[in-house]
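Alright, structures below, take your time with them.
Two complexes, one shared chain (subunit A), two partners (subunit B, subunit C).
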Partner chain A sequence: MNNFRLTSFLTSNIDIDKNNLESMVSQCKTKFVKKGEYLLKEGEKCKHSFFVEHGLLRQYALDDKGKEHILQFAPENWIVTDRESVYFDQPSAYYIQALENTNTILFEESLILHLSKQDPLFLEFNNKLLHNHIRQLQRRITLLISATAEERYLDFVRLYPDLLLRVPQWQIASYLGITAESLSRVRKELATKS
Partner chain B sequence: MNNFRLTSFLTSNIDIDKNNLESMVSQCKTKFVKKGEYLLKEGEKCKHSFFVEHGLLRQYALDDKGKEHILQFAPENWIVTDRESVYFDQPSAYYIQALENTNTILFEESLILHLSKQDPLFLEFNNKLLHNHIRQLQRRITLLISATAEERYLDFVRLYPDLLLRVPQWQIASYLGITAESLSRVRKELATKS
Partner chain C sequence: MKTREVELVVGPREPHYVGDGFRVHNFIPSAYRLDMQRMNPVIMMDYNSKFNFPPSVRPKGVGVHPHRGFETVTIAYKGKIEHHDSSGGGGIIGEGDVQWMTAAGGVLHKEFHESEWSKKGGEFQMVQLWINLPAKDKMSKPKYQSIANDKINRFNLADDKGEIEIIAGEYQGIKGSATTFTPLHLFNAKLKEGGLATFSFPTNFNTALLVIEGNVVVNGENKVPTDNFVLMANDGETFTVSADEDSIVLVLSGEPIDEPIAAHGPFVMNTRAEIAQAFEDFNHGKFGFLED
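Coming up: the complex of A and B.
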């Protein structure tokens, strides 16, 4: 499988030499999932972080009434996982599903930890990944508690510029924590403004 | 200053010997803030993680209309910081303020990274802290996009059992992302149920 995106992702985030890079990439497994298939279901233990080489994943939770709540989309170059489940070895509260046919590369937590102990560069790389994740989650919370529906939508467009045509509207509304009707109104108002 | 809580926090989270523990604790500075004083203001670069030895802090953002939105409370044994600002060396979008007279112990990011490189135990400790943070943020997002006001309030009580009498109601409502009126209604309904 082509792992062009992973190689590019690594070299742009870590000052790694060619041999170490090839050694790391060769230790990662790959997995292909068809549109609609799952990489993780609620109640299972999540064992990997999934890097999206090509395609689109979504991570969501299901509430008691069977309603889906989308935590994250992961198009090309994104990593998706349930870190709580992986790290604390607990059953996951989430589903990770393919919205398109998707090629993923699997990071094992043990490999990352092993490489971090061997090489300070990997330690810093992993630290950077975790802090990026924290930054993204913190921004999401601030938007959810303080921003209007329009502000949340504009942030979505900035964060995921190419997803507007790849994801159904109701799923974007679910990610934003608003109703499909509110999203439709916001889009109309923005269209009138511009 | 008494650092009983920090010592206890460290020994319960990391398998550390007495000499290493004393060496680490002795390298941490302390800071006392009076009720109402700030450890961080919007626009400043956050330089530390603050461990609360005694007292109570809150982290909040201010929107364009001057409204406060509370991201986190930090009573005893909690750590509060703006990891985005510390790690990416960016001006913070948050305030960290004392709600009571508070004794804090300061972790410098460079000390944590230095210790992580020297000792795999610290690497795992820091990893655990980051994953705990991610776990908490992820739960908060899931609650914000999927839970009712009552469910959010019950989660708050579980997470911060001793804060109900230490924090004004409007600040709890701000943390929950609901109005003070909604919080008041939820509390009345719960009182009727029990």
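Coming up: the complex of A and C.
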């Protein structure tokens, strides 16, 4: 498993020795999902956190009218899961779907809990990831309630520099909470300014 | 003149779709031994082998995307392609036409089956090449060369055994219709049954053939069927292509650009930093704007 992105992701974030690293990674499963396939659907119990080795996932919810609302994109080196389902054991309100053919590594929640108890360094690492995630969510909420469409867009391309090439415009608009027309207008205005 | 031998004959790989309108076999850079440097300055070749697209009211194709650092050359053999770009340009590439787009510093463009053609559907066959630019020209101003088939200069083979369309470069003293940034020859050899053409390029020029139609023999001994790619070695200058039946062969030969290549998606630059800059510029609208 030495060639996985996951191992360099871990060693760059945590001071872990080789044996522990190998043992941890060996306890994870890998899964390949084709473009369009799902790792999670609404109503199911989410069992894993998904680390993206290669490819692209998105997490979204459907409203009563059947409209999609994208909460998160997960390209390479990102982790995506439904926290309410995976940790609090509730049926999921989300879909997690592959936007490209995707290789993922599956972290079972029980493994994360086990490693957190066993290894203080892992606990620290997981805390750091969770805090980072919360930080991003706080930032995202602030942008959604207070920022202009252009500010949201500029934050999006800072966070996800290459997604504009990988994701259709309407999905980016959905993530930003604006209409596709507004996104088009923002991009047009930026092009005129530059 | 020393003979240039065949280095490799490559069959078409499993096709994949670019957007929903181009069903292509990629030869460069994904085929074995055909990475970007091996055929530099030809750094990408997608080949839509003959494929029957059913009628579609909504034209199939590929939506707005950027390019920087190279040129795209689209050669239509069957069907029609309509394209638009962020500088307000656009046009239709019909059968036998060539469109040479110098993306250079950056354009956004989109390519679709031409709408009237799309409604009828039919046989579609095309080649798209990416031609590398030297570092000094990578950020130059974008431009187009639209070359209608009847404007392509031709050399007629003796005894009415076919003709060589000279898209770029030079053949038997006849110059190509397109201008290039670095020395590059690009021909369609349209050979009739029994026709033979001789080609000669400097040894260091990276050289390849793609059999678009028919069956040919290279240097009198290497049989190459339709849809196969031939990488010629860099061990000599001269080689011959003869046709067992009426055939069309795309001939490419270019002087390598001796510079590093950093490529990511639709950007081909010299360094990683320049790729990051391309993303930054694209995200911030510096490639202009084009409606989806």
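Here, the second predicted complex is superposed on the first by the 191 of 194 C-alpha atoms of A that agree within 3 Å, B and C clash if a C-alpha of one lies under 4 Å from a C-alpha of the other, contacts with A are read in each partner's own complex, and residues count from 1 in each chain.
Criterion: contacts are C-beta pairs under 8 Å (C-beta built on N, C-alpha and C of every residue); 3 or more make two chains touch, one makes a residue touch a chain.
Nothing here was measured: the structure is a model prediction, and the numbers come from that model.
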Touch count on subunit A, higher of subunit B and subunit C: B
Subunit B versus subunit C as contact partner of A:67, first or second or both or neither: first
Partner chain(s) touched by A:161 [first = subunit B, second = subunit C, both, neither]: second
First, second, both or neither for A:187, with subunit B first and subunit C second: second
Touched partner set for A:137, first subunit B, second subunit C, both or neither: first
On subunit A, positions contacted by subunit B and by subunit C: none
Partner subunit C, residues of subunit A touching it in the complex: 154, 157, 161-162, 164-165, 168-169, 184, 187-194
Residues of subunit C touching subunit A in the complex: 63, 65-66, 86, 264-266, 276, 279-280, 282-289, 291-292
Touching residues on subunit B, where the partner in the complex is subunit A: 61, 63, 67, 69-71, 82-84, 87-88, 93, 113, 116-117, 120, 123-124, 126-128, 130-131, 133-135, 137-142, 144-147, 174-175, 177
